[in-house]
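You will see chain A twice below: alongside chain B first, and alongside chain C after that.
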Partner chain A sequence: MDIYEKITALVPGVRLEEGATPTLYVEPASLHEAAVALRDHAELQFDFLRSLTGMDWGEEGLGVVYHLESTRLGHQLVMRTATADREHPELPTVCDVWKAAELNEREVYDYYGVIFINHPDMRRLYLRDDWVGYPLRKDFDESEELNPIRMTNEESSDFTSVYVKDDQGHTVETKQVLFEDDEYVVNVGPQHPATHGVLRFRVSLDGEVIRKLHVHCGYIHRGIEKMCESLTYPQTLALTDRLDYLGAMQNRHALCMCIEQAMGVELPERVQYIRTIMDELQRIDSHLLFFSTFCMDLGALTAFFYGFRDREMILDIFEETTGGRLILNYNTIGGVQADIHPDFVHKVKKFIAYMRPKLREYHEVFTGNVIAQERMKGVGVLSREDAISFGATGGTGRASGWACDVRKRHPYAMYGKVEFKEIVFEEGDCFARYMVRMKEIEESMNIIEQLIDNIPAGDYQVKMKPVIRVPEGRYYAAVEGSRGEFGAYIESRGDKYPYRLKFRSTGLPLISCLDTITRGGKIADLIAIGGTLDYVVPDIDR
Partner chain B sequence: MFDFSVVTNWVHGWLMSLMPEGLAILVECILIGLGVLVLYAVIAMMMIFMERKVCGAFQCRLGPNRVGPWGVFQLFADVIKMLIKEVIAIRHSDRFLYNLAPYVVILGSVLAFACIPFNKGVEVLDFNVGVFFFMAASSIGIVGILLAGWSSNNKYSLIGAMRSGAQMISYELSVGLSILTIVVLTDTMQFSEIVERQADGWFIFKGHIPALIAFIIYLIAGNAEVNRGPFDLPEAESELTAGYHTEYSGMHFGLFYVAEFVNLFIVSSIAATVFLGGWMPLHVPGWDGFNQVMDYIPGFIWFFAKAFFVVWLLMWIKWTFPRLRIDQILHLEWKILVPIGLANLLLMTVCVVFGWHF
Partner chain C sequence: MEMTKKPKIKGMKYEDFNDNEYLENMVKELNANGVNVLVGVLDDVVNWGRSNSLWPLTFATSCCGIEYMAVGAARYDFARFGFEVTRASPRQADFIMVAGTITDKMAPVLKRLYDQMADPKYVIAVGGCAVSGGPFKKSYHVVKGVDQILPVDVYIPGCPPRPEAMLYGMMQLQRKVKVEKFFGGVNKKMSQEEYRRILREQEGMPSPNPVAAQAEAKDKE
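== the complex of A and B ==
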């Protein structure tokens, strides 16, 4: 393995385990060094941190799993590190190497209590500041006395902690100020019309100009990853639809795919066809809702109704086949819940024929409007480097010139066999993000048209054992969700329950780059940027 | 042409026969005041109903249609709801200014409303500097909005009020310039006189190019003046939840709400009066038969038809366009509309001097 040789030459004391994706074991002491080497070495170039997962391995201690990928060279690597100290677990931060790590490390701190040295903002991310204990640790005390339902308001602190090592190697906590006393701090959310859910920003303003912004998550945190650890695999499926409710099909597809790959299940073609079509319908649904709500955010209320009117047709199609409109519960391990409705093919074709002229109408009523253009062009520019570093995939990344479509990078289901263009824009501004999504509606319709007439006959469900056990191991599978890469990471010990199930949120990277791209903009730009980033809050909070 | 002064003269004569002159004038003042307020409320309700129906039509909806025929009683239900809702006094607000603000806004609105000539002989406030008075009265509303934003002790309200102050004061300039263009053409500032001068053709036709430019500038600036989309930044709900009136409830909110709608009507009716002839029927010089037929239609019908046509235009714009940003709004006013307005004023002056108008 040549990567191994290169890495050992760069960073001594690492161990490599071969597999479909090689796994690198790194000691905490050399973690930061290894991270820099992995990113900067000319033949490695692991510049994209796909996923960062906190882990409790029991005996082995607490640790983190990093999923890395090189955007230029295309190869992948899993990096693992662990600290045996359960009382005061400490790991070096990598958020100066990959910006995506910043919020993810806060999540790990929140769930496992691992302190990241030199992390600029070591606060809890989802739970309340007065939460006792770290819930995803296997020895977490769940008793009601420790964490009763608190009836008091949670005061937002203006301070954060930064942990650094002093000369003797002791960890020292220092307090850092988030907002000075004389700053004009405006609270946006959690109940605000433009945050599309219960997300909250604290924005420091200078007149109308944004000086900095802090994101507060957790208002719809349900501990889905924790719940999954005590659910059987078929039961965990029910929760994926409730993450990104506009990507319900794709989310569930990712988890099913991960479990199926782990178990080595061969799927009939019919299932693959149906899943692909459903994923694309879901994408159109999500992008139509994006168009509607984004227009509403900018004050164009009529366009909002246009989008919702047309989205209804997709929901009707979903309803006929799956019985649900938002929470669909359609994919199952080894197939789908029910065969497609006899009218399905006809209705989908009718919808596509109806939708194409409507898209032109959208462009006439909104895209071409001079005010809309002025509001979008040159606003909230996200550079390609930042998009990769933050891991901002999906339409956001592609608008910044990063071809990050999972359907192209790691084709799954039928995507390897259909022809479609990956829409990539270079500007990285709101208009590019908007246009990527509008054009993707057309591409999704192209994909559906290639498949809809050729759905092969066959079973829609593989016969599975009554109790599904995933063989011991670690598995990661990703799909292109409506707003970016949605991944499921399973660590199994061979039980009917996952030992650890982590979902790579599509929205978390999107909000982590908000501060960078809104600085210097106006309040109205924050709304436009938030609208075009197109995050869905339950997906961020999980 | 029906002249309403017949009625007013008769009432005056009747009251004079019953009581001394001072008392009669006092009674007349009260009657007129009541009349203005009733008309104000009726117009407000008509506007709200129209907004709902027009907006519904643009958005492929039906609008209210459950309460009464075509949903007309929805309005009455809303008014009653607004009246009986609690006016919540919020803590840490400047109580006096907070309660005063909606009345300042409604005061400015009613004063401006009283300037409108509805028909021949129905002009409540009509004197030789009517245009000037109208501009002054309509500016009082800004004070109310700034007070509301300041006294609410809410950051959203304050930002909304500041936006509103910057925006309304700026756009006042363009409104003034475009009306001034017509004043140059007519050499009078009295609204009734302005209407009378349009007996042989509305100013938008008589003043041709400069009048048309002034009309368009007036529509844009007037729309901004009443804080409606695409210039609804002071209350941009997706940014500032409700802007300056975030903290108001019950009838105090209702006053802001009503004032906003009537202000839209006022702006439209001034546009109708100054550019489209007000209550003056459509007259074409030379076509006497046609002009006589037009005269059979009463003036107030002409007036309301024109005013609501302009209202409809502005609603069309509001429900189609996205919202501007604060820097874009100020850029549009100071760098585009004001220079054009000034040049247009000059053009109109030249036209008048050389007699290039009809």
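== the complex of A and C ==
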């Protein structure tokens, strides 16, 4: 509570709303000023925008919820703003304060039609430009007649809109050029083997040097957040595994944790142990796949087969206990789906003993290779300030010297009780990002080794009510996913359905910093940079 | 007409496959429409070659794509069955594994990729999303089944399908290829008139007037 009192004293134009989650309310008129004060004041230093969520509060209008954190002082904050005008909703942008807001505000515009004044690029982020309506508004008309499947090829406009206020306070739309007529623009994706899914870039080139890059998302935008609003809480769990399918365990862990914290469920220690081990196995799985595909992108096909061969061992372990290889559906609200298989402990130990020498082999095969080093070292440098401002967490942030591991920042499950190093590199280049992930495999194995022999006896599932209702309020819980902070934000009105469920994507901040780090680099390095950022596209588009 | 020759897949008996009726019905239907199926040894040779070197397009949108990569990797290794390499260019690919959800925004892109492929070409719908929309059936931005935009040859259900299921589906495609007639015109699975009409429509030309066409034919005589 201290921090909220401090802020109401220091920052003008804010009001504290008490409740299940204390929230700071800011009038749109003073939002920008408040944002600058929150970031720059020596006692506040909120430099990390964790999550930005668009909201439709019905009668109160449309608005945005901001989750802020200070990387230096460690305190957190929830802030919100709203506008009652549903016809022409307008809010000031904060993307000059936190760069992470740039794509997130475009997402809010896409979902709710809220125009952000002074935002440099106010286009839809996911949906096509000819899409009718704003899908996450509560009064959105989902009929097929309005939005049939359009089979015409999509036009990519070279212009964008910027909305500014004129002297009389009217909003004026101005057209800005994205690509000049004489620029040489190359399209990469959405069907491209090295974009790791259906991501699309438009790259302006000068020779083979990248002048600027625009990301086009939405080719796998499945509308998960809207669907969740009409699903009961246990049903929403099913969709989390399909977001970032290489972090299926962790994603579901985040949502379960968020619901459990909201309901005040105490978990047996056995569940915490199992969840932690499963999360770490999932991380190793993801990093092995990163190694495989990244090396393949750089032309080392052998590494692809090595990585996949070893990954199959983890999938076997998963399969025995959960029944799934990729989509695991394991965590439930208040526990896990099934107890671990009798062979689980033995197989995990066997895997770790097998994996350690294999990692050395990986380094011999690929890491030390001259070509690999030349292509990674000094390429695509992301500074620490940018990483924080963009909110690029996970291996990417840690490679730039930002200790952003949620397992250390806000320990959950068993992470507070095990010893492990947070791998941090200073260089911020592709090599550092690659090494962070390779070293994290070792750390994950260390964590598992500390836990695997001591799994306590007990229940694997707390008895829950047949209908799960989350008490009214706003809840946010985050876990360290395979590629960064994965958060789930629930706004509940006490129903059995969430009023709004937002997932803090791990990948969206990663692609938002692509333009910054690829500028001035070579087009071929785009593949190496994209590979080491290690995004998963369905997680970006949701 | 009975199916005279049964497509052979090495290591798996004809009776062990499901949906044999479908294959038999397909042959019957083709025969009824005047398309000769299984004419001769030459076709057998060509189909043997074609069915054992089907190259997929590198195309995956979501979760199923990872399992699909696993099928291509060392343990399951679809190269054993002749799927050999995935091709990044649709011009060099024989079939698309539609692995993953197809959204409204992706639909025209997928159609374009399909159009860019050279005939004969095939489509496999992999996973619940591509089959029917799967878990995202209620979404506002998901195509409810890829068969709404492309002709699908094989459906592989699952979320995601196991690698074995994918291999099985791909073998089903091989069987389908094996019963097709290759010589003497491409088997379009439609009558010649219909095919010409579609071609003309695609190029924006009006459908030929049957009366005028007849008159023209008479003039030539």
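Some notes on this structure:
In this section, the second predicted complex is superposed on the first by the 525 of 542 C-alpha atoms of A that agree within 3 Å, B and C clash if a C-alpha of one lies under 4 Å from a C-alpha of the other, contacts with A are read in each partner's own complex, and residues count from 1 in each chain.
Rule of thumb we're sticking to: a residue touches a chain if its C-beta (ideal position, glycine included) is under 8 Å from a C-beta of that chain, and two chains touch if they have at least 3 such contacts.
Since we're looking at a predicted model, the values are computed, not measured.
Once the two complexes are laid over each other on the shared chain, residue contacts for A:450 go to neither chain B nor chain C.
In the superposed model, A:309 lies in contact with both chain B and chain C. Once the two complexes are laid over each other on the shared chain, residue contacts for A:192 go to chain B and to chain C alike.
Contacts of A:375 after superposition on the shared chain: chain B is touched, whereas chain C is not. In the superposition on chain A, A:221 makes contact with chain C only, not with chain B. When the two complexes are overlaid, the chain among chain B and chain C that reaches more residues of chain A is C. Contact with neither chain B nor chain C is seen for A:461 once the two complexes are overlaid on the shared chain.
Common to the chain B-facing and chain C-facing surfaces of chain A are residues 192-193, 304-305, 309.
In the complex of the two chains, the chain C residues touching chain A come out as 58-63, 65-67, 69-70, 73-75, 86, 88, 100-101, 103-109, 111-113, 135-136, 138-143, 148-149, 159-160, 162. In the complex of the two chains, the chain A residues touching chain B come out as 184, 186-187, 192-194, 205, 208, 295-302, 304-306, 309, 365-366, 369, 371-372, 374-375, 522-527. Listed in rising order, the residues of chain A touching chain C in the complex are 126-128, 135, 140, 142, 147, 149-154, 190-193, 197-198, 218-224, 226-227, 230, 238-239, 242, 245-246, 289, 292-293, 304-305, 308-309, 311-312, 315, 325-327, 537-538.
Contact residues on chain B toward chain A in their complex (touch as defined above): 55, 58-61, 155-156, 159, 163, 229-230, 232-233, 236-241, 319-328.
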